[in-house]
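Take this structure first; my questions come after.
By written order: A, B, C, D, E and F. Residues from 1 in each chain.
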Amino acid sequence: MFYHDNQLQYEVEVEEPDPEFGRMLQQAIGGVEGEMRVAMQYFFQAAAIPDEHAEYREMLRDTAAEELGHIEMLAAAVNKNLRGASASLGDGDSAVSELLPRQFLSSGMHAMPTDANGAAFDGSWIVASGNLAADMYANIMAESTGRLLATRLYELADDPGMKDMLAYLIARDTMHQNQWITLLKELGDPEEVFDVHPIPDSFPDEVENQEFSYAFMSTNVEPQEATDLPWTTGSSIDEEGEYSFLRELDLDGAPMSVPKPSAQAYNEPAPQGED
Amino acid sequence: MFYHDNQLQYEVEVEEPDPEFGRMLQQAIGGVEGEMRVAMQYFFQAAAIPDEHAEYREMLRDTAAEELGHIEMLAAAVNKNLRGASASLGDGDSAVSELLPRQFLSSGMHAMPTDANGAAFDGSWIVASGNLAADMYANIMAESTGRLLATRLYELADDPGMKDMLAYLIARDTMHQNQWITLLKELGDPEEVFDVHPIPDSFPDEVENQEFSYAFMSTNVEPQEATDLPWTTGSSIDEEGEYSFLRELDLDGAPMSVPKPSAQAYNEPAPQGED
Amino acid sequence: MFYHDNQLQYEVEVEEPDPEFGRMLQQAIGGVEGEMRVAMQYFFQAAAIPDEHAEYREMLRDTAAEELGHIEMLAAAVNKNLRGASASLGDGDSAVSELLPRQFLSSGMHAMPTDANGAAFDGSWIVASGNLAADMYANIMAESTGRLLATRLYELADDPGMKDMLAYLIARDTMHQNQWITLLKELGDPEEVFDVHPIPDSFPDEVENQEFSYAFMSTNVEPQEATDLPWTTGSSIDEEGEYSFLRELDLDGAPMSVPKPSAQAYNEPAPQGED
Amino acid sequence: MFYHDNQLQYEVEVEEPDPEFGRMLQQAIGGVEGEMRVAMQYFFQAAAIPDEHAEYREMLRDTAAEELGHIEMLAAAVNKNLRGASASLGDGDSAVSELLPRQFLSSGMHAMPTDANGAAFDGSWIVASGNLAADMYANIMAESTGRLLATRLYELADDPGMKDMLAYLIARDTMHQNQWITLLKELGDPEEVFDVHPIPDSFPDEVENQEFSYAFMSTNVEPQEATDLPWTTGSSIDEEGEYSFLRELDLDGAPMSVPKPSAQAYNEPAPQGED
Amino acid sequence: MFYHDNQLQYEVEVEEPDPEFGRMLQQAIGGVEGEMRVAMQYFFQAAAIPDEHAEYREMLRDTAAEELGHIEMLAAAVNKNLRGASASLGDGDSAVSELLPRQFLSSGMHAMPTDANGAAFDGSWIVASGNLAADMYANIMAESTGRLLATRLYELADDPGMKDMLAYLIARDTMHQNQWITLLKELGDPEEVFDVHPIPDSFPDEVENQEFSYAFMSTNVEPQEATDLPWTTGSSIDEEGEYSFLRELDLDGAPMSVPKPSAQAYNEPAPQGED
Amino acid sequence: MFYHDNQLQYEVEVEEPDPEFGRMLQQAIGGVEGEMRVAMQYFFQAAAIPDEHAEYREMLRDTAAEELGHIEMLAAAVNKNLRGASASLGDGDSAVSELLPRQFLSSGMHAMPTDANGAAFDGSWIVASGNLAADMYANIMAESTGRLLATRLYELADDPGMKDMLAYLIARDTMHQNQWITLLKELGDPEEVFDVHPIPDSFPDEVENQEFSYAFMSTNVEPQEATDLPWTTGSSIDEEGEYSFLRELDLDGAPMSVPKPSAQAYNEPAPQGED
């Protein structure tokens, strides 16, 4: 279950309120790269993990609660940037004109569960696939676009308090990128970083149509001169094949193969996390 | 610009139409893990890449066009699974009852731009962040959840034609996971797979609040016994720090630091792909 | 900031897994009447309350954290109802056929941030208006439809563990209805339950067009016989007017009045909570 | 069935067109607090009421038709505020720049079924729960946030015509708050305003887990000093219990009780309106 | 303004309630082809028409009100099909299992503002473009897909009452297709049905790049044999050009022309309805 | 399957970058009137057409691929308009302030799959009904509102390169309107343009309630003087009936007719395209 206290995780100060910057901060609350998404994503991923991987479940839940605290910090930051703004139209620089209308009309100048364009948080962004390796990539992606967003906000920020808060959040995103990659490595052979690939790794290799597993497909109508690229020659990154180069124009509705012998064998339940 | 011909990329055969399986296939068309998302995602990522990285742009566009061909294959597969189904209610096993209503009422028993629950494709799932490293993680995630979906569909499939088509699509997802990781490695030092981290790597390390960059934060109200986990001790995965363990309860609104000296320095334009 | 532990708030047991009931429970997680909505609603309402009403802010945050624990309980209940279900189609009673497809295809048979129809949680349902009295009605409404949902789930439940869990959640909804009404009364004269009306009560009565403030408007084209209804005669519920009966057909584009004298007077900032 | 005439319900005049104010008015058309929502909400609630409560059904339908007339008034007001605006960019104060782009690009400078942020009206906001008491709270909430919106618009308005129109709409919201509360009282004992609680009142009290029905749950990790608050001591607002104070930290996965004896008894159909 | 009475526009009888058919009917209420869409679409189109075209405005408003009556009929039909259904799971043919869960859980077995897949009505489907000719095509499309839906429902219907109701609604869709085409003809030369094309017809022909105005563009990578199709040869349907055939492969980034002389001339306001 | 090359279909030049105009162009990418919608709409319509109408399928696919090239052109145009824009707030004319926030925060100043208000592309706009005649009206509507949008963008454009690009796109919309009408005529008797009406034309006329098929229904509460309008007298546009005038007030719940004799006859499968 969940608890709280009356502290913010990190101090939030605004010397000079700036409604337009407040609007920008909304992206970090309710946007696709924001904290509502990661808080809920880690929450649902944790809920799917069975007891035999309790340490992964705990780690996800630890960070889910941490992210709730980040929403709180950002909501405080939005509110402080809107404080004292006068509610009027009439000249191009009024707070109401710089904000999206709903920030005044629907919330009375407070933080909202929306992104910086005013679109509502959307639960369909939450990824919890039942496969831990796939989930970790969703998390690294979320923390990469999240840190990218935070650095862009830092670039726009003038206020030292806002720069300081963002410097903290950027640091946390650094840690979270690291921790999800570390967990990803733990799932396979820790010495072989891409050992978990292809995801899901439990699907038997011989069942997929291996003729096409490592062929880069060029769909250009014109012949390509340089075809010795890192993704068309050499060993594949998962170390299970050799890259090759294939023109789509040379395909002709590749014929249907006979049913693969090991197809039935797959219908075994795969252990969660390796599935 | 884009072209087409009248062939499918790979033969699609259905021996025994199965409307319920047809409905399941919709997830691979319009679902969050499906082909509409990746086709559009690679398309928009390609459009953002400037001329100096033309080889990356080309690679993304090659695969965007390939994925359009996958939507076509899957649409053919849905249509073949619905063919001949009688339009009636009245017993629990009629095709109309096994499908979602709109597949009959709105499309006359054809493939739709929706997922298997009947929800419409949603453009907010498309990630094109303007940072190639972040985009690659979005792509690995998309191909990981996409391959996971395809293997689950394989598990449900009875028809040999459907198993064959899925074995092809699974193979392509294998290749695409590999090719995006290969591109990710190319962005940094190819010998150091996580050299691009933390993403965005152009943000100066000394500006973030480094006190918190490699500390795992436990939000558990109870003290944890085992705190020597791969993400709490040892070298961080990006090789730029040492992991440590921190209890949230020990935080007390970490005080605001003085403005970071290098903040101004950051306002230089970062080259695309490293930004 | 937020914390957690490894306990559920209340024990969740399922004797006989029932995937179809698991699907029904999703409504209480990600549905418009569900726990994600109230958790986030109380969270954002709390964030908008200034220090002078700290006790209201605290109360909202207490219950926000409690509701997060309810999502956790319900996710555990969904997972337990799906446990052991075989992943196959082929007869009308398979678990996959009873569930919405995505519960297998997208989550591998786990709880999802969606409602029972498979629609994603939508942040636009969250009400945090910046006016505490309006917010309290949003909360009573949420807890009324939430308790209604829980009793309907109770009615569908067969499993004693599920009935027990729901009996707990129903009790909590009883408390929450009571506590929001209590707070609502606190905002005005506690002896006069509707003293806060009309909401927002800070708007000067004489500015609104009082000719129409207590007139019930019949839009029926046929004359109504009984016009002495509780809402057409007698004292208004806010005790500021007398109900009357008005036929829309008797309106003729009611003429524009002169500007109201007290209009300017309103442009004072209203104290939060009374605004 | 529905009828119309060629009059507006109340005169709408704009002396000085103001595109930015026109945009603000959109919130009252297609926003979550707006008239499309209440018109449709009352319409669907009315449709669910059986003949034995025809007077409630009629009342809802009367007001549904009235609200359609409000959409018409607001659409006229938006159009009048956009009239004569020149279609050009180029300086920060052009009408196109002050509006959201679609108001020019998609409607040619007319009212749209969207809110002031440009988001489309969303049918998921419509509450018609099949329980009249719960519906009435949804209606009081809608009219409270609606009146709050109208007073905020009044505060932003400069034009006397707009102030006059809003003074009318504010008055109607006053009446509608009153009429829904009056209906709510009618559903129970009219002398006991909260007699309908807990909603739904037909669920047998002894089935819910009464140990938790009137306990305020503090989720704060720190002990609270003041625990004698209106919601922690004294008689509950529904007059069916005594408030108490409970720390979540003292819970330990409250044990599963034996099945409640009256569970079966509940499976009787509840009369609509009291359900 | 709008009025109502207590009659349905056309009698709605259900001999044998059928919950699954009730669910199908939802598509005609809240679906993209349904009555909420057309009612609101005609309403907003009417609101955009100025006084000089009052007869068109009236016609749209007449039909908007008629469509509200159709929602009412369909809501009654859904409710009658759900009447008496028992609220239980447990066997595959229970009403709750045949419906989407929310029809029981969220509305207590009543009509909802959703489509047959359970997705909420979406205001972004409403087309009111500010150009009457374009709007008429949106209306013909809506009535064509609407009538198609009604005939598919007729095909599924067993109950004579439902067949009778649908025969009425199909007839109304016939009329509405006819009336919008008639209005479309009125906008141009009534003897020349496509005189309004290309829409918008007020844009000066010489400004568009006429080299490409009547060329069918083949994007096939293979040469096409039959290129004398109705859309590649002969007079264009708007009688302003001659069709031709063009291969995309022959394009080579068609060069930028000099600015068109008449570009400035266009910046005149176009009269509404011809714009 | 699909192919591409490295050329744009038509040259895209921007002399003077204008971020605000770049934002406007987004409507033509991800808006309801934009190119993502038509590309996907023609794609799904094509996928539904069986072999006996291969020439229609081909035509749709030709234009689907052409439209993908238009998205590419528009994305290039957006990027060129944003090039060199400085990332700062602080004065009302900064690029970030003129754009929606996400264009900087989420994409790093590149084209996005959204409309000009910042709302994501929505797959529910795609119409592919399984009936070619209805689909053609959806297409004419899309190309009419699309051309209307392009002419409005032309009106806002200052840059000669942008005017030139739009003059090309407007020309293509002219062609596409013509080609869909031409296909529509081909479906019926090419000499009788509305021969396909009422859509779907395969439904037997005698089954619909013909008493109401050509009656214009006035829902005005006041009697109308002029009732000899083109839609109330004379031959109907589909040449199958005579228009008449009917007041809704004269309806009295039109009585239920006996089941129509030809109802069973309809349950034959209708050939696609005529259905």
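Quick notes on this one:
Operating definition for what follows: a contact is a pair of C-beta atoms (placed from the backbone, for glycine too) under 8 Å apart; a residue touches a chain by one contact, two chains touch by 3 or more.
Chain-to-protein mapping (UniProt): A, B, C, D, E, F = Mn-containing catalase.
Nothing here was measured: the structure is a model prediction, and the numbers come from that model.
Of all chains, the one whose Cα centroid sits at the greatest distance from that of chain B is D. Taking shared numbers over all numbers used, the chain B to chain C interface scores under half, which places it in the different class. The mean-CA centres of chain C and chain F are about 38 angstrom from one another, to the nearest whole unit.
Look at where the CA atoms of chain E average out and do the same for chain F: the two points lie 10 Å apart.
Looking at chain E, residues 1-9, 32-33, 58, 61-62, 65-66, 69, 92, 106, 108, 117-120, 122, 124, 129-131, 145, 148, 155, 219-221, 248-249, 251, 275 sit in touch with two or more other chains.
Residue ranges on chain F touching chain D, taken from their complex, read 18, 20-21, 23-24, 26-27, 31-33, 92-93, 98, 115-119, 145, 148-149, 152-153, 155-156, 158, 219-222, 248-249, 251. Across the complex, chain E is touched by residues 1-6, 87-90, 92, 96-97, 100-102, 104-106, 108, 117-120 of chain B. Taken together, the chain F residues at the contact with chain C in this complex read 221, 249. Only residues 3, 7-11, 13, 32-33, 55, 58-59, 61-63, 65-66, 69, 119, 122, 124-125, 127, 129-131, 133-134, 137-138, 140-141, 144-145, 147-148, 151, 154-155, 160-161, 163-164, 167-168, 170-175, 177-179, 181-183, 185-186, 190, 193-194, 197-200, 203, 207-221, 226, 229-231, 236-238, 241, 243, 248, 251-257, 259-260, 263, 266-267, 275 of chain B touch chain A when the two sit together in their complex. Considering their complex, residues 1-9, 30, 36, 40, 43-44, 47-48, 58, 61-62, 64-66, 68-69, 71-72, 75-76, 79, 106-114, 120-124, 126, 128-131, 272, 275 of chain A touch chain C.
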